[in-house]
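The structures considered in this document are given below.
Same chain, two partners: chain A is paired with chain B first, then with chain C.
And now, the complex of A and B:
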């Protein structure tokens, strides 16, 4: 029974990872790509790690997997945040069909004052 | 005191990772935790410990459940947008305001925003968070704040403030 749950979680997790990768290819600019990459890959990886817990039972490996879930959940959005900020600061534009960019507006305003 | 709590936390994580109480493992753990504590103890937020009170912990559990609900929703949202042949996106960066003051609460808020449907936090300046939104549905800053921030803000206020 536990093995079945583990396998199902593994399959769902890998499918979300694949969708995240398709998003990396299909979406237009770095910010949209980061969205797909962070969301899907975080949940996909967490599900794969959780499937380890169900598949092997409660033992040292499963505890490591649980700790890794916590680390992935804390670090992956922070990493995305850092990449997005760095990209914007180094002047990478949003996709040309983007609707608005308040961040660029505000930063240009502050540079004018300075 | 602050450094000691930090040290115990690090040692605990180490023991969980190695899962053995052999004296060699513990000794290495103590050394590593000491080094990490000396290097990074300054940035450890001590007020995070106050989450251990029962009421706050209850709200933290509520927050966790809400969070996972939105994370799963976000994944289906991304799947829908990516697999749709027309690529239904309308991206842009909007500016929302947060009422949270402590750094810990803001970190959690920014991370939550990143993992919830269609949004990615880019930067925090003062009280404002700049959020990249994949499908902008409104022009009004108030409504933006309502949609993006408020579903977590109230819970996080109860947990960390």
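And now, the complex of A and C:
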């Protein structure tokens, strides 16, 4: 039973990883790629790490896997936010079909505390 | 298990394609970040196969080091010093 749940989690997690990496290759500009790849790959890797708990039972490997889930959930969105902010501030344009750029409006309003 | 490892290797090659082709520097940084997260998944699958916790130790340290590397690259892209 536990191995079945683990196998399902593993299949779903690896599918999320593959879909995220396809998004990383296919989407048109840096911001789209960033959101597709970061969200899909974070969730997929967390599911793979959770399947470790179901495969091996409750032992040191599973404790370390849970710790690793916490680290990935904390660090991956922070890194993605830092990259997006740096890309916007270093002057990389949005895709030409993008309709809205709130961050540029905000920065024009308070020019320039940085 | 070998199927999942092959699919993750496919993901790594897609990331490497983006590292090689990506038109701007933040594209390459995103791809490197994603690559670090994928390696954590590799470590998890390896610890399922071998039932050893050595690989989870590698995964934890890889996640933290990849985060520090990403933050350093983001600071560098933004054009500011490291001490702000």
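Things to note:
The working rule: the second predicted complex is superposed on the first by the 106 of 114 C-alpha atoms of A that agree within 3 Å, B and C clash if a C-alpha of one lies under 4 Å from a C-alpha of the other, contacts with A are read in each partner's own complex, and residues count from 1 in each chain.
In the analysis below, a contact is a pair of C-beta atoms (placed from the backbone, for glycine too) under 8 Å apart; a residue touches a chain by one contact, two chains touch by 3 or more.
Treat the numbers as computed from the prediction; the structure is a model and nothing was measured.
By the touch criterion stated above, A:55 is placed in contact with chain C alone, chain B being left untouched. By the touch criterion stated above, A:42 is placed in contact with chain B and with chain C alike. Shared-chain residue A:101: touches chain B; no touch with chain C. Of the two partner chains, both chain B and chain C are touched by A:22.
When the two complexes are overlaid on their common chain A, residue A:33 makes contact with chain C while staying clear of chain B. In the superposition on chain A, A:65 makes contact with chain C only, not with chain B.
With both structures placed on the common chain, the touch criterion links A:80 to chain B and to chain C. When the two complexes are overlaid on their common chain A, residue A:13 makes contact with chain C while staying clear of chain B. Across the two superposed structures, the residue set of chain A contacted by chain B and also by chain C is 20, 22, 34, 38, 42, 44, 60, 64, 67, 78, 80, 85. Those residues of chain A whose C-beta lies close enough to touch chain B in the complex are 16, 19-20, 22-23, 26-29, 31-32, 34-36, 38-40, 42-44, 60, 63-64, 67, 73-74, 77-78, 80-81, 84-85, 88, 94-95, 97-104, 106. Residues 6, 10-11, 13-14, 17-18, 20-22, 24-25, 30, 33-34, 37-38, 41-42, 44-45, 48-49, 51-52, 55-56, 60-61, 64-65, 67-68, 71-72, 75-76, 78-80, 82-83, 85-87, 89-90, 92 of chain A are the ones touching chain C in the complex. Residue ranges on chain C touching chain A, taken from their complex, read 4, 7-8, 10-11, 14-15, 17-18, 24, 26-27, 29-31, 33-34, 37-38, 40-41, 44-45, 47-48, 51-53, 56-57, 59-60, 63-64, 66-67, 70-71, 73-75, 77-79. Note for the complex: chain B touches chain A at residues 13, 16-17, 19-20, 71-72, 74-75, 78-79, 81-83, 87, 89-95, 107, 110-111, 114-115, 118-123, 125, 130, 132, 134, 136.
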